[in-house]
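In the two complexes below, chain A is the common chain; its partner is chain B in one and chain C in the other.
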Partner chain A sequence: MTDVHFQRMKDLPSTHLLGAGTAMCAGCGGLEMIKEVYDVLGENTVFVNAAGCMTLLSVYPFTPFRGSWLYTAMASSPAGAQGVRDALDILKANGRMTEEEDLEVVVLSGDGSASGMGLSATSGAIDRGLDFIYLCYDNEGYGNTGQQTSPESPHGARTATDAVGPGNIGYKKDLFSIWVANKPAYAATVVGAEPLDLARKIEKAHELEGPRLILSLAPCPTGWGYDPAHTVEIGRLAVKTGVWPLKEYVDGKVVHTRHPGKRTPVEAYLETQDRFRHLFEPVRNDKVIAEIQARVDAYWAEVDVDDGTKA
Partner chain B sequence: MTRALITGNAAAAWGGRLARMDYVPAFPITPQTEIIETIAKWTERGDIATRMVMYESEHSMITGAGAAAATGVRVFTATSSQGLLYGMEMLYTVAGWRAPFVLVNVSRGLASPITLEPDHNDIMAARDSGFLQIHCATCQEVVDSVLMAYRLGEDHRVRLPVIVNLDGFYLSFTREAVDLPSADAAAEFLPAFDPQGTEFRAGKPVSQAVAVLGGGTYSYFRYEQHLAAQAALPVYDEVAAEFNDRFGRLHPAIESYRAEDAEMVFVMMGSFATKAKDAVDRLREAGIAAGLLRPRLFRPFPRDAFRSALVGKKGVAVIDQNLSMGMGGVLHSELASALYGAPDAPRALTSFVGGLGGRDIAPAEFYEMAHATLRAAETGETPPPRLMYTHSELREMRKLQAAAHVERHEQDIA
Partner chain C sequence: MYRIRFHGRGGQGMKTASRVLGSAFFHEGFEVQDAPRYGAERRGAPMNAYVRADRAPIYERGIILRPDLVIVADDTLVPIPAAGVLQGLDNRSVLLIDSATPEDEWRKRTNIGGPILVLPLPDTVDRSSLAMIGIACAGAAARLIGVISEDALEQAVRDELAPLGEAVVEKNIQAAMAGYAAMSDHAGTVSEGVPAAASGAGSPDWVDVPVEEVRLSGPAIHAGATSVEVRTGLWRTFRPVIHYDRCNHCNWVCSSFCPDNAISVAEDGRPVIDYDHCKGCMICVVQCPPHAIESVLEVEAAAAERRGSA
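Our next item is the complex of A and B:
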């Protein structure tokens, strides 16, 4: 592993590659993340997209990317990445393409595809040791269709399909651990609100070969119900409360890259969003708030305060 | 050229080998598996420079095939039946990428009930996908058709993926003597893959398969695809003529067997048509001027060729090895549409469904179809579509039902 390029905020790229004027909602946390990721990965990339919000980034005849793009379908973007990667390797191996013409192959998918419909294709790509980056913007629901409950919707959150009553009764799926259990080359969680941590992880992932996961929390103003101006603040709160642990899996172990020593209570995060409003109004639901807090506490109880490793 | 005694599946693999396929995304399914096992053996031994990768499903396999073709390599893949349907979303999707490759489908009936034996409902389900379709009746045709399919699909006027279809079991596992073109001759017929700008390279950014907004933009691209498929008709004839010049084997869009001077003509696809050939010979011996038309090219549909081959005939019997529930045979509908309004169109166009799930079509059934069709031509009354089933089959079925009944009610009886 080479030395980390990005030591301070001022080391982050000052010119930005991603074009403006996309169809994403104002304050989109997914787009915030992609913009930061793209500055590090650069234009020698091909994004292999799964059906989701980001499919509307490239609408004929416009694209915000300076590099390449291939839309596939909801269930099989890792398979599309496999086909592109294999073809590039074949072309290089028989001299039909130079090493300089090679591309980093990046799956771009939402959580609905990453943790649900597309999980089989992801599993296959990991089995085959595919050399690719899997970039997931996790907005904790089927965002593009109006925020229905997905495998990544958190417990207690109201969604378009859990719009009344207690909200989602399921629990957020641990996609990071599914990847880590299969020993990928790299896996990391990021959030756009922590750009330095993100840039370091993207740089690290870019230098490695094999299956690499970048799992980003993607605060979603329209789906979660908050003012688009608060995307960064909510992203930071997700980290400070410990709801969204920033961590990476490298060299066989999981290490937390931020350890919120004194965590802010989760309700500070929950009460910023309409999807959790029913936990506070008209009457406060202490039971569910305490359960969410207890799950976060239990997670962090297993994290070593000194070195950030997880038991 | 070498002459080899090989199965239809091996012939399909040889087609890909002679086409110098760069990449084979694969997933096993009966009765296609022998194709990918053959290719795997060749790649493992280093006989060919092809890269083969096992995917975890046909949906992914077809995605990977399209993505690799869109990156600029020559791709071969194969599936059957449920696999073709599992990948159906991606058939439609990758066809629109206009990145040609060849998919061999080894036809097998569809669930339910689940079966291993052949019919054409799987391939008919891919009818509107945008893939071109070539249907084979012999092992020789399989290897030749794969080579021709690459030429056809890669032509700059076409740029579409092509399915080469062969019947499971009857052709996939039947050994026939096959002339295999030499590698050099195949290379002269089929030049190196030319991506024609459809590729991914650093420094040459391109967005492929992007979304569109609005029906006008959508329709434009869909019409383009349809026009390209239609353009494949004359291109196919060119390719077939050149193939014939080089290899001495003509594979026309529609194979015609004793049909020129026939009064009644059978129309059917695939290897079961060889049974119809035999029936034609016997009917001729009995004084009935029968003939056979077998479309090899099903998409694009050779409408004009059918029209000119069938005008003036008394009757046409279409035998469909598929069943569109609530409508009938697919090929029959297509022929009716092709012949409607044609001057001097056949007086009778009858419909028969047979050969489902590998069910045999006996010579006596062909005679009955011929007579029923000629009768319809004379009386002007076309009988309703007929689902072929014999008394002895029904008798066997009743026995199975009796056994099932006994099993179900065993406890009651005891």
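Our next item is the complex of A and C:
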């Protein structure tokens, strides 16, 4: 592996590639992450976008991308990526495209696609060892259709389909572990609020070949209910409280790239969002808050504080 | 039939306002349609919501072209042609604006013939909460129409907002009633428009599309970053302003975190905000380490700009 270019915040790209003028909400955490990823991957990319909020990035005749983008149905973006990868390989084999002109094929998908109806197509792509990056922005719900509960909605969160009572009674699905169990070329979690950690991981992923997962928490002011100004703070709090572990799977091991030594209590994160307001008002729900904390504690109890590996 | 259009921005509670007014009509025995209308854009973008109400079944569909009442919750939308606030107003349509600018000034600016009213909200309405303004507008609309009782209005707020809890419902009822009371001198100003007959509708504005090869006519975009043609700066209600005397050129902070790439870095390392595209999320204001970015009301910033260039 070559040297890491991103040592300090100062090393982050100062020219930004993604065009302004997209239809995403003001303060969209998913867009913030994609813009940071695009600066590292560069314009020699093809994005294969599963239906979701980010489909609205490119609305004819407007696109923020400098390279290619295409749209697929929710469940089939890895299949679309296979077609694009095959086409590029054929062009190279026929001498119509040089190795330098080759493009990185990137699936861009929401959590509803990634952990729900698109999981089967992903599984097939991993079986075939497809050379692609799977970039998932996890806004913890079906955002584009009004934030219904998805397989990634956290326990206790209120959504459009769990608008009253205890909120979502299910638990967040562990997409990272599903990928890791199948020994991909690379897998990592990121968040736009930690751009340096993100840039290092994207650089690493870009240098590898085979199925690679980049899973990003994507704070969503519209779906989670908070002032758009707080997107970065909320992303950071997710890391500091241990709710969103930053980690990577490389060379057969899961290593945490950030291990919050002394974790902030989860309620500092929960309190910032309307979707958890019912846990604090009108009466505090100590039982559910304690359960959420206990699950986070149990996760970190298995992480080695010295080398960041997980048992 | 009553035809009412609410104009605001995504996130300002226009959809809820239209539902509350629709439910209130329903409680008074009307047949009702209410629907929000927005494009692909999200929070902050101009949008409208409409209500149709009639004692007879409603066969009309689609957007309201000839409104009897137009309510504007965000007066910065009036001069934006794309927002379509003044579309279809005639000499009997009522225009209600929530604004600090007086009525005669709006008459000059809009050059329309019908009644113009500015909504005077008492201090009891929490103006920092945009949703409260929306609900107060629904209350004001109910009084202007004149056929909706306070009881029906209150019941409508309860119906629509019950899942948010009793405290929120009570606050919203107060705001709705404040809007209702503010329009007491104008009760019944809005009159019903005549039902539109299909025979009276003009033919649509056809556009002839030539038959082309799929390769040409398919929705493929052959250029990069064309999205910059879309001026998302119009979404902004607050403007971030950099005070360069306090800025320490740590441009990797503000320019990395801006989701919309509206902060570029000049050759000398200074961050520069692109106001054609900045959506006003204020992430940069919160993240700037020396607090060198100030949040200024867009209307005030724009007025200051005009004075400066004059």
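Convention: the second predicted complex is superposed on the first by the 311 of 311 C-alpha atoms of A that agree within 3 Å, B and C clash if a C-alpha of one lies under 4 Å from a C-alpha of the other, contacts with A are read in each partner's own complex, and residues count from 1 in each chain.
As a working rule, contacts are C-beta pairs under 8 Å (C-beta built on N, C-alpha and C of every residue); 3 or more make two chains touch, one makes a residue touch a chain.
Everything numeric here is computed off the predicted structure, so don't read it as measured data.
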{"item": "Superposition on chain A - do chain B and chain C clash or fit", "value": "fit"}
{"item": "First, second, both or neither for A:E100, with chain B first and chain C second", "value": "first"}
{"item": "Chain B versus chain C as contact partner of A:R128, first or second or both or neither", "value": "first"}
{"item": "Which superposed partner A:L56 touches (first chain B, second chain C, both, neither)", "value": "both"}
{"item": "Contacts of A:V255 with chain B and chain C, given as first, second, both or neither", "value": "neither"}
{"item": "Which superposed partner A:I178 touches (first chain B, second chain C, both, neither)", "value": "neither"}
{"item": "First (chain B), second (chain C), both or neither touched by A:N44", "value": "first"}
{"item": "First, second, both or neither for A:A75, with chain B first and chain C second", "value": "first"}
{"item": "Partner chain(s) touched by A:L88 [first = chain B, second = chain C, both, neither]", "value": "first"}
{"item": "Inter-chain angle, chain B to chain C through the CA centre of chain A, in degrees rounded to a multiple of 10", "value": "90"}
{"item": "First, second, both or neither for A:R66, with chain B first and chain C second", "value": "both"}
{"item": "CA minimum distance (chain B, chain C), superposed complexes, angstrom", "value": "5"}
{"item": "Overlapping contact positions on chain A, where the chain C interface meets the chain B interface", "value": "43, 56, 58-60, 63, 65-67"}
{"item": "Residues on chain A engaged by chain B in the complex (per definition of touch)", "value": "43-44, 46, 48, 55-56, 58-60, 63, 65-73, 75-84, 86-91, 94, 96-97, 100-103, 120-121, 123-124, 127-128"}
{"item": "Parts of chain A lying in touch with chain C, wherever the complex brings them together", "value": "9-10, 12, 14-29, 31-32, 35-36, 43, 56-67, 163-164, 192-193, 195, 221-222, 227-233, 278, 281-282"}
{"item": "Residue numbers on chain B that touch chain A, as the complex places them", "value": "22-23, 25, 49, 51, 53-57, 59-61, 63-73, 89-90, 93, 200-213, 217"}
{"item": "Interfacial residue positions of chain C with respect to chain A in the complex", "value": "10-11, 39-45, 163, 165, 167, 219, 221, 224-232, 235, 250-253, 255-262, 264-265, 274, 276-277, 279-283, 285-287"}
